[in-house]
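You will see two complexes here that share chain A, one where it goes with chain B and one where it goes with chain C.
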Partner chain A sequence: MAITYDLISSQTLASAASSITFSSIAASWTDLRLVLTGGITVAGSPTLRFNSDATTNYSITTLYGNGTSALSTSQTSTNKIALGDAGNSNVYLWTVDIFSYAGSTYKTTLGTSASDDNGSGQVSNIVGLWRSTSAITSLTINGSGNLKSGTTATLYGIKAA
Partner chain B sequence: MAYTLISSQTLASSAASVTFSSIPSTYKDLVLRVSARSDSAGTFTYHKITFNGSASGYSQTYIYGNGSTAGTGLTSANTEIDGYYIPRAGATASTFSSDEYYIPSYLVAQNKPLSANIIRENNTTAADIYAYAGLYSNTSTISSIAFVPNAGNYVTGSSFYLYGIN
Partner chain C sequence: MGISRIALSSIQTLNKSDSFLDGNPPYIPSSYESIATLSPSAATTTTFSSIPSTYSSLQIRANLIASTADSVLIIRLNGDSTTAYSRHALYANGGVVSAGGTAPTGSPIIIGFGARGAGVTYPTVGIVDLIDYASTTKYKTGRSMFGYDDNSTAGDIELNSFSWRNTAAVTSITISIGTGTFTGSVALYGVK
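What follows is the complex of A and B.
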């Protein structure tokens, strides 16, 4: 498998924090991939924002199952992208692919979340849209509550073919 | 995310199991890509996936669609991760599953989450796609991963690729 992913940056929290930010993201790749693994202090969903935009320029559509219900939901004109619900007692995994982040069209994302708690849990696939023509130069992950100590966020750049 | 091939096994003859052992401690995350089929009677079975030879501490939540129904389920306190589904002898000839497993932070002393997507498409109504949230409730480093079909053996041509990611 050809090496087409470049590690841009990785951050591991030495103590709980409300957010993790990657800034000064160069326009050197075609797409971005974010891998987040760790915990949150309040059950819910971590969220993602681009370029510190906290206006209602985001929307998402979610497909998820929790062992009891398989559902699809959507949110329009929200102020962030939800990455997928999780509990607050374990270690979970979220991934987000961010397509054509440096271009001048609106930005689409494809996320997955995997949060199992041995008897309960949720798995989600989430498509997102940021209605901005600006290149993404920074992204911020906010915890539900805080992101726990030991949480690791890694950002990769995907090379053009 | 430099994918580095750690090891691969493409079966030249049927096998009751496939194991990756002595996984090096030099990566951040692991990815497995699997294409598998069982020789047992019937149309589908599943992988039983274990880490470090352990038979406890596994749980999973999943969602699936099979062309007519979308559903969800979970298991807890299980003896393995159950990877649904892989074709077997009664399924459309020459069809194999397509699986991808992502295991982050396999060296970190914490419980191990994982995600997986498993697809079984065979040009019949008995096809499906599963997405998983899995958990191995064990803080040990993952140094081996084993796949066993719940019924029969993996057939010749089944392939298992293990990548390390930095």
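What follows is the complex of A and C.
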């Protein structure tokens, strides 16, 4: 049996920063999985871009709950993928699965977010689309405001047989 | 190159080791292994067969493009097409959140669907977790998350729970589409 699920890289911020970038991502795996834990300095959503593409090639559909209601929104022709809203006073969790990232088809992602602030919070599932057929070789996570010191972003590669 | 002579001084300065593995990274068996990958092309069905019972759980990761919009994905275990399945779903399309499902004796074979909004251009992606699939004493349960987005207000994201009221070990998984065909990749992983 082939062994898979490899750690590609992990970065922990020693001080607050506006972004974390993983570059020179090899095409050695089938899918990527990004795990982001930490905080943001402004309540809102961290975002994700591929290959430094800041054009309006992105869109998302979101299902989320905030402790009171279940809601759904969509964003079309945006310049980044929102990872899910959170507050700015705690530590939160975001995950993103990026399918066939090195392939020549359009790139669809599945994301989750989990935030709780002892009275407010949000849980989200998000499908994202990057309308590009380029292989993903870099990805950049931007904070809402900044990413707080201690925030860790970890990138895994999942390799199919 | 063969060694014909070693100076005594060389031996005396060598680091002593109790293990021939010294200096090499330890081998750590993975708990997440790739079992098989299918690459259906304009197919109506694709099947993982002869699944070994050596894992605790299975995970399917799918990246598929459907030929027909508004189709559904259907998963059958061990080729069972009886009414032994049930499912509950929470799904949203960018505007409305809905919940649905099938009663235990309802829709006979659908245990997860994810291409409900799929068109012909952009991929539908999904992850299915099937827990304790090799048990011969328990009914099988699992969950799935599927999503599709086409830069419109017709996206689709779905969470599903499902059960298969059968105690047989799962040895095959068949994925088919309700209407049309699908193209892409479906990978099966084992979790120890």
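As a working rule, the second predicted complex is superposed on the first by the 158 of 161 C-alpha atoms of A that agree within 3 Å, B and C clash if a C-alpha of one lies under 4 Å from a C-alpha of the other, contacts with A are read in each partner's own complex, and residues count from 1 in each chain.
The working rule: a contact is a pair of C-beta atoms (placed from the backbone, for glycine too) under 8 Å apart; a residue touches a chain by one contact, two chains touch by 3 or more.
Computed from a prediction, not measured in an experiment: that's the story for all the values here.
Peer 1: So, A:T68: does it touch chain B (first), chain C (second), both, or neither?
Peer 2: So A:T68 only meets chain B here.
Peer 1: Between chain B (first) and chain C (second), which does A:Y5 come into contact with in this model arrangement: first, second, both, or neither?
Peer 2: So A:Y5 meets both chain B and chain C here.
Peer 1: Applying the touch criterion given at the start, work out whether A:S144 contacts chain B, chain C, both or neither, answering first, second, both or neither.
Peer 2: After superposing on A, A:S144 lies clear of both chain B and chain C.
Peer 1: With both complexes overlaid on chain A, does A:N125 touch chain B (first), chain C (second), both or neither?
Peer 2: Touch status of A:N125: both partners.
Peer 1: Quick one: classify A:T47 as touching chain B (first), chain C (second), both or neither.
Peer 2: The answer is neither, since A:T47 touches no partner chain.
Peer 1: Is A:T105 touching anything from chain B or chain C once the two structures are fitted on A? First, second, both or neither.
Peer 2: Touch status of A:T105: second partner only.
Peer 1: Quick one: is A:K159 in contact with chain B, with chain C, with both, or with neither? Answer first, second, both or neither.
Peer 2: second
Peer 1: If we overlay the two complexes on their shared chain A, which of chain B and chain C does A:S59 touch? Say first, second, both or neither.
Peer 2: A:S59: touches chain C, not chain B.
Peer 1: Of the partners chain B and chain C, which touch A:N88 in the superposed model: first, second, both, neither?
Peer 2: Neither chain B nor chain C is touched by A:N88.
Peer 1: Report, in rising order, the residues of chain A that make contact with chain B in one complex and with chain C in the other.
Peer 2: Shared contact residues on chain A: 1, 3, 5, 63, 70, 125.
Peer 1: Hey, which residues of chain A end up touching chain C in the complex?
Peer 2: Its residues touching chain C are 1-5, 30-31, 59-63, 70-74, 76-77, 97, 99-100, 105-106, 108-110, 125-129, 131, 158-161.
Peer 1: State the interface residues of chain A toward chain B in the complex, per the touch definition above.
Peer 2: By the definition above, chain A touches chain B via 1, 3, 5-7, 10, 33, 35, 37, 63-70, 90-93, 95, 112-123, 125, 150, 152, 154, 156.
Peer 1: So in the complex, which bits of chain B are touching chain A?
Peer 2: 1-5, 28-29, 59-64, 70-74, 76-77, 102, 104-105, 108, 110-115, 131-135, 137, 163, 165-166
Peer 1: Would you mind writing out the residues of chain C in touch with chain A in their complex?
Peer 2: Those in contact with chain A are residues 29-37, 61, 63, 65, 90-97, 121-127, 145-153, 155-157, 159, 184-185, 187, 189-190.
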